[in-house]
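What follows is a short report on a single structure.
We just call them A, B, C, D and E in the order they show up, numbering each chain from 1.
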Amino acid sequence: MNWFDESALTLAVFTPVVGMAIVLLIPKANEQAIKVVALLTSLVTLGVGIGILTRFDYDHSARLGKFEVDNSWIDVIHSRYHMGIDGIALPLLILSMLITVVCIIYSWNHFPEPHNPKGFLALILLLEVGMNGTFCAQDLILFFIFFELVLLPMFFMIGVWGGPNREYASIKFFLFTLFGSALMLLSFLALFFTVDVPRNLTADHFNHTFDMVLLARAGGAGLVSSTQNLIFAGLFLGFAIKVPMFPFHTWLPDAHTEAPTVGSVLLAAILLKLGTYGFIRIALPILPHAARDWAPWIGLLAVIGIIYGALGCLAQRDMKRLIAFSSVAHMGFVMLGIATLTTFGVNAAVFGMVAHGLITGMLFFIAGSVQERFETRQLDRLGGLLTQAPKLGWILGFCAMASLGLPGLAGFWGEFPAILSAYNPAAGISDITFRVYMVVAAIGTVLAAGYLLWMLQRVAFGTPKAEWEGAHIHDMHVSEWIAWAPLLALIVVLGVFPNLLFGMSDGAVTHVVGGMSKVLGG
Amino acid sequence: MVVQNIAFWILALAMAGAAIGVVRSQNVVHAALYLVVVLAGASAQYILLAAEFVAWVQVLIYIGAVVILFLFGIMLTRAPMRGDTDLDNDQRWPAAVVSLFLLGVIVALVVDAFGADEVKVNNSLLRVGKSATVGSSIFRNFVVPFEVVSMLLLASLVGAVVIARRD
Amino acid sequence: MNPRFDYHALAPEIILSATIVVVLIADFFFAERSRWQTSRIASIGVLAALVPVITLAVDGTTRSMFDGAYAVDNYAIALNGFFLVVAYVTLLLSVDYISDGDYYQGEYYFLLLTSILGMMFMASARDLVSIFVALETISIPTFVLAGWRKHDAKSNEAAIKYYLFGVLSSAVMLYGMSFIFGLSGSTLLSDIGRYAFQHGTDTPLFPVAIFLTLVGFAFKVSAVPFHFWAPDTYEGSPTPVAAFLSVASKAGGFVALLSIVYFGFFNAPDGWQPILWALAAASMTLGNLTALRQTNIVRMLAYSSIAQGGFILVPLAVAADGTAQRSSFEAVVIYLLIYGAMNLGAFAVVIAVARRTRSGEIESYSGLGQTAPALATLMSVFLFSLAGMPPLAGWFAKFVMFRAVFDAGTAAAITLGVIAAVNSVIAFFYYTAVVRRIWLHGAPETAVAGEPTIPPALSMAIGLTAAVVLVIGVYPQLFARIGELAARG
Amino acid sequence: MQLNQFLILAAFLFCTGVYGVLARRNGVLVLMSVELMLNAVNINLIAFSAFGRHVSGQVFALFVITIAAAEVGVGLAIVLLIYRNLHSANLDHIDQLKG
Amino acid sequence: MIDYAWLIPFIPAVSFVAILFFGKRMPKKGAEMGIAAVGASFVLSCVAAVQWINRVEDATGHKQGIRAFGKGLVSVGAEHEVVKPVIHNVTWWQNGLVKFGVGTQIDGLAVMMLFVVSLVSLLVHVYSTAYMKGDRRFTFFYAALSLFTASMLMLVVASNTIQLLVGWELVGLCSFMLIGHWWEEGANSDAALKAFFTTRIGDIGLMIGIIITFFAARTFSIVGINGYALSHGADHTLMIVGASCLLIGIIGKSGQFPLHTWLPDAMAGPTPVSALIHAATMVVAGVYLGARLYPVFYNGFSIGDGGVNAMALIGGITIIIGAALAFVQDDIKKVLAYSTISQLGYMVMGLGVGAWVAAVFHLFTHAFFKALLFLGAGSASHSGAHHSFDMKKDMGGLRKYMPITYVTFLIGTLALAGIFPFAGFWSKDEILVTAGHGGYTFFLYVGLAGAVMTAAYMTRCVYLTFFGEYRGHGEPHESPRAITGPLIILAAFSAVGGFINASPFGIEKFKDWVEPTFVFPALVHPDFDYAKAAISLTVALLGIGIAAYYFFRREEIGALKGLTQRNTAAHAGYTFLVNKYYLDVLYTDVIVGSIKGSIARAAYWVNQNVIDRTVDLVGIGARRVGRFTYDVVDQRVVDAAVNGIADTTGEAGGLLRYVQSGRVQRYALTLFAAVGLLSLALVLFN
């Protein structure tokens, strides 16, 4: 199995490229072949992921361990092909693999208009490359490349297969994220030039490096706090826009509303996580002091996001837009957890990411299926879904419950520990501030219950509206069952056995936070 | 010394006047002839500076070739010969301002840079101006440019032909 | 005594010159319809000229002649290679364009190659005279080429504007050079460098002279405010020529800038840094902003190339600060190589599209995604690469640019870096505008369905450039290494 | 003789040339003005070479003269072409390409 | 068994999944599955109970046994030794290398609850086979019941607060699903939403309370928290805050004032659900929490040293308003709902005044008679009133038609009214006694007042339902055995259940078995007080009397009327009777009238238009704020700002195009101008 360990991550990231190439070579007419190839590719990738899952060393989840790859790449700029996976990235990697498979299955026999499976699937696979890569990259430049690689496919997915207002939405999404990542790149460079690492550690014996691990180990050594805060600002913008945090969220509802179902699922399930992951993987460990100075503000934006998102939801008349706003709120919890800079909070954040990925992904799937059946997402035109498509309706109810953080389902473990962790944040951060945040966040959970149940009632309960009387509504297609079963199962399983995830992430998180507190002397 | 100075000033005034003529005369042919004066004056100045070879080349190429070209150009484009039509465009004044401004700046800088430097004409200088010296310098240090220029001339010749020929 | 000739060092130029002559003569002997053969000869010659370049590269020793007026070092070799490849691609672009419309063919290639010769000479030129000659050799043939569509008033206009600007700026440049000669008492860059080192800018005339000299190159690289000719000329002249101008002759200008700045004025930074700073900032900003409102694709590319020129100027503008000397040299070279590939590619696609739509308007790209997906994809690739989108080569160009800025690390440098960052975001507006037309807009009824018939030469050009853009995008080390060697001199 | 004499004369010629280039409409006249500028350059070069006893200045001047001639040739050809297509050699008529 | 308690909630959970997926294919549509599962856990619960009782008895046997943890900080009940709860944990999740367990904690309280929950649930399962026959979502109903039972049992055996929270939320979910069981009608789903939302507000308190107790005691384990709360080092302020937060949770879940309004609406659900969830089990989860984490409240509200505290106060208020509101309901289930509220008030107040055993005991008995009453009401409406619950319109005189229902209902009523010797008497009386003893005299009076009213409104209820003329349409008949069976069983428990802790007869088994002796505050156990017992009994009877007079007499008067027409003597007698009943007038109009009339109506008005409305208004307000935030802030400000930037850059580009005029000499002019200016700039720069 040695060969596997060495090539695992490379396979995990680049198998989809091969698949994409094949897909592009198959003539447009031969749809079946295209679909099959795409599906197989994603399954193989997932297989690799499961392989990694089985051979991962859970006792030392902080170590990059046996899967680490570190080859020369762009020596001239001291950037290397350094891939590795730890307990924080692993769940997200698997999630993105799984979601990709699920999306391909889901779109099996309902592709969005204009009908072009070839292009669509190729883009999904390309997207997967970017997502997987981002989670595996251990070199800032590599990270940046993958981080950006995600943009294009999503841009096209929204722009080509999106709703009526797709052009505006796609360009907005594109430029927003782009602006962020431009500043992010500047910050990366600034890190390279300002952080001193011991020569004997770097591969090319140079005292500057893009290597995340080494930079994290340096922990912003020899940076005055003003510089740190400045660099952190760049990183913050880059990631916060992706998350998205409160004032930078406006691209999200548009993007989600216009995107095709699969698009929004991928967007919600994985793309948003890139931002939060960036915080945990880069911003916090590399610039601990700045992180501590920024923490109260991040926390503030996070809780604003929680309330603000909830209020936004309550104002929606469009089901999908409502779910989109709920993402803002949920990512607020994740960011709150991160902002505490405690193992508790960060663990919660990691769990929250996965949970949100599964649950909101499902909700978007459902929204898509509802639209497919009723040609509308307007809440006031929907109703009585339970009578016309009971299974779909109950699944919607289930996901709504999961999303409002019902204990026993995955959502709870992202939400509750995050609130819990806000009770006493890391040393040197004002307790009072965060306890206020805690209460606000707790109120946020009630609001969440409010808008989700409200949506559920509007969509599922009551009797069908006049226009749908007698209309034959098909309940649950096979493809939907196959696609959704794993997600639903995971929502329950993770809810009942949270340690499946906590056990994975905990070691790594402890390592990250421990490193920080070592630097912060707290 | 004095002699050369006097000569310089006469030539200079002539050239300056002629230059103004070139850019102000309302008759194209006159403008061309003024240009001849300027060019001739320039070559005379070269002689004053003991650059015989350059001076003669100036006479040959400019007065011999370029001005003729211009005259051909004037004929071919039926440029207005009598001063009836306006040869200037609508931006005389801005042009004047800009050029005077430029003049001011440059003169100031030049004066500042080479305050009272004298150009001494003596044997050593005359030796520099010798065609032999120039030639050897060309063929010792500037062979490659020289060759390239030949290609360039060929190119411009061909180019001019292609562009100008009627087809 | 006779000067020592190193024929190995001169071989590329010699082979090229020979080819030039052969092309010119061959043109007489070919019948009208087989005139296109001359292009074949030309390309063979270009490829042949590449051989000694490679051997020199392998040999790798720095050769210098005529008291250092002419040098063949890594830098020269690298750029010679670049110019030859660009020439080859340009030939590929031109073949069908020139042979389809009834243009003079032999003369066309003849002039093209002469201009290339000028560029190669420029790469090795190390004194003012050679630089001047090289610059003119680059320019004059292109003046003519710009007007190659003789019966098209626009082409004429393009020619005259380009010509006038060229002449004026070279006059200004010469005037500046004359002062530099006067002050330093030599035309050799090495001597000038010595003078700059000793006296710096204590005579105010020196910086001004430097500036006047730079104007000539600023014109070549179409840096604001010496850029006015570019959009009009690009639009008016034959598209392959526009491509050539926007890549090759621009590169020529940058090479000149590099040589004169690094080997000449480097030690008098006050003389050139502020100017280049201003030019860079102005070019990026104005270029981008104006490009936003363009309706003609070539014009848009013209402004974009102005902006790109601005980006390339950024490292130069900070070269003397901090530790940026090496890295900014690298940055310029690398940026040039990448820029050449992606811009040529973009133009190639424009030519291919125009073959069918007969239009350069951006509207005519609507729905290209459905009617010609392959072409549309490639166009998007090139545009996104120009925009600096990973993992396409463009990102690395921008990256090394920023890297140089950080290497310099002065306030001015960082400011320029921020301006560059903002601009690189603005740039996305107009690049994506085209992409949106291609993919997000429906094709007009008039559009012809199905892939346009792309002649092999053209598709080869597109393939070549696309390959470079993609490969360098994921493995920039190749170009990075070249840049590093070049910077080592 | 003072070096400045020549330089200032050159400067004057140069700026006159600039004026001409800017203010003249007829293409041929503009070219003439350009020649004024180039001559200014040459005077500079010769003066400097005489002042500093450097022969390279004269060589430079020679190159300038030659290339200037070539330029004029091409320039006139282009003007001619334009005249043929637009029946006028006036530059201010030429503004199809803009924006 | 006591060591495998996890099986008890696990079995119904399994049956939930089974019913959900295969229920429709089962012969009885999943009912048998549910019954079997709950039956199993009932048996196991009984086993566990027995095992626990043995433990206790063994410990009581020898005087100096183990000196367990916390002996120092816990003063053990004098008469017997520390009996440790049986705790089993497995790692559930870890965080920061700290492991958090999931497990079971079995002690007296737990086994008591296990017994109650599984028993009532079992009976309700059986009852529903008849009651829900032919319902369109019969199978789903049973699935939900199983899930509810599972989660409730889980909550009961929880060994740590998080697990408790999980169960807590899950029962809330089930209540949501079952209230909205007939979600086609908007009213039902509204009620379901309201219930979930309101309790959820309480859950904020619970959540934060758990967090605070966690950070105070550094553990989630219940024993640990209790231990901390009793230790000398306990941070009192933290405990105050924590207790208050937890109290909010109790208020939400156990329908205490002011979050009680959801409970009456919850009657929209099927009657068995009301019996199981909204009378016997779920709503007492709050009380259970209070009992479970009692030391926290004991410390936080410093219950030991008497004096008014939030917990007791809330309980007291709830008793009164609940009872008052019960008067004015015409819907029999609403009457019972408000009565439940007020009874829960008794329990909370009991906890608040330190009457732990009494409160828990009342929980125990209340579960039986209130479930009985609900099921009885259900039976009445099922077989007697076409599924209507309106006593005035569709019931009346049912005692003739459905004797079993009548008798059992009567027993339930007496139990509820606290009449000797029925179960309610013992438990309620014990609360009052302790209140009176523990220096909480004020609450003693509150309790008594409540007792009067309880008796009164129950009498009214019985009267309207079972006496007088049948006002419904159709032919009422006795319900099937599936319904009457459970009624009888429950009636039995309601009748004699109280004797398990009948102090005057020296029986205090309930206290011995249930009251924790491990980490538990020293509580006073006043002896049985005949005086107070007498008082409470009398007031209860008084209540019945007043109401009886008020309702029954009126009939007799009517009967007499006919006679007066015949002879004057009778007429005189009649007038005499009437005059005799001037007293009656006093009673009715002044006392009952005031209670039933103005006060209750006022209370009801306030309840509907103030408290309930605010709940709704909160919802509406949130929607309004949301819309504002979205329309104005989000769309106009935040979004527009971004788009604005894009536009302006575009404009700039538009302007710059004019510079490119197309006139080559214009360009040249700019060129030279630039040259001149830049040179000058350079000169000045250097």
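The working rule: a contact is a pair of C-beta atoms (placed from the backbone, for glycine too) under 8 Å apart; a residue touches a chain by one contact, two chains touch by 3 or more.
Keep in mind the model is a prediction, meaning the values are calculated, not measured.
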Subject >> Any chain in contact with chain D as well as chain E >> reply: B, C
Original post:
Using each chain's Cα centroid, which is most distant from the centroid of chain E?
Top reply: B
Original post:
Ranked by contacting C-beta pairs, which pair of chains comes out on top?
Top reply: B-D
**OP:** Mind having a look at which chain is the central one, using mean CA positions?
**Re:** A
Original post:
Where the centres are mean C-alpha positions, what is the separation of chain B from chain C, in Å?
Top reply: 32
**OP:** Could you put a whole-Å number on the gap between the CA centroids of chain A and chain B?
**Re:** 71
Original post:
Which integer distance in Å separates the CA centroid of chain B from that of chain E?
Top reply: 107
**OP:** Would you kindly tell me how far, in whole Å, the mean C-alpha position of chain D lies from that of chain C?
**Re:** 26
Original post:
Residues of chain E that touch two or more other chains: which are they?
Top reply: 646, 657, 660, 662, 664-665, 668-669, 672, 675, 679, 683
Subject >> Residue numbers of chain C (touch at least two other chains) >> reply: 129, 133, 136, 140, 143-144, 147, 150, 159-161, 164, 168, 172, 179, 182, 204, 208, 231-232, 429
Subject >> Shared interface positions of chain A, touching two or more other chains >> reply: 175
Original post:
Who touches whom among the chains?
Top reply: A-C, A-E, B-C, B-D, B-E, C-D, C-E, D-E
**OP:** Write out the stretch or stretches of chain C touching chain D in their complex.
**Re:** 128-129, 132-133, 136, 140, 143-144, 147, 150-151, 153-154, 156-161, 163-164, 167-168, 171-172, 174-175, 177-179, 181-182, 185-187, 231-232, 235-236, 294, 299
Subject >> Of all residues in chain E, those that touch chain D in their complex >> reply: 657, 660-665, 668-669, 672
Original post:
In the complex formed with chain C, which residues of chain A make contact?
Top reply: 72-77, 114, 119, 141, 144-145, 148-149, 151-152, 155-156, 159-160, 166-167, 170-171, 174-175, 178-179, 182-183, 185-186, 189-190, 192-193
Subject >> Of all residues in chain B, those that touch chain D in their complex >> reply: 1, 4-5, 8, 12, 15-16, 19-20, 22-23, 28, 31-32, 35, 38-39, 42, 45-46, 48-51, 53-54, 57-58, 61-62, 65-66, 69-70, 72-74, 76-80, 86-92, 94-96, 98-100, 102-103, 106-107, 110-111, 114-119, 121, 124-125, 128-129, 133-134, 137-138, 141-142, 145, 149, 152-153, 156-157, 159-161, 163-164, 166
Original post:
In their shared complex, at which residues does chain C touch chain E?
Top reply: 160-161, 164-165, 168-169, 172, 201, 204, 207-208, 211-212, 215, 225-226, 228-229, 231-232, 270-271, 274-275, 278, 286, 288-293, 426, 429
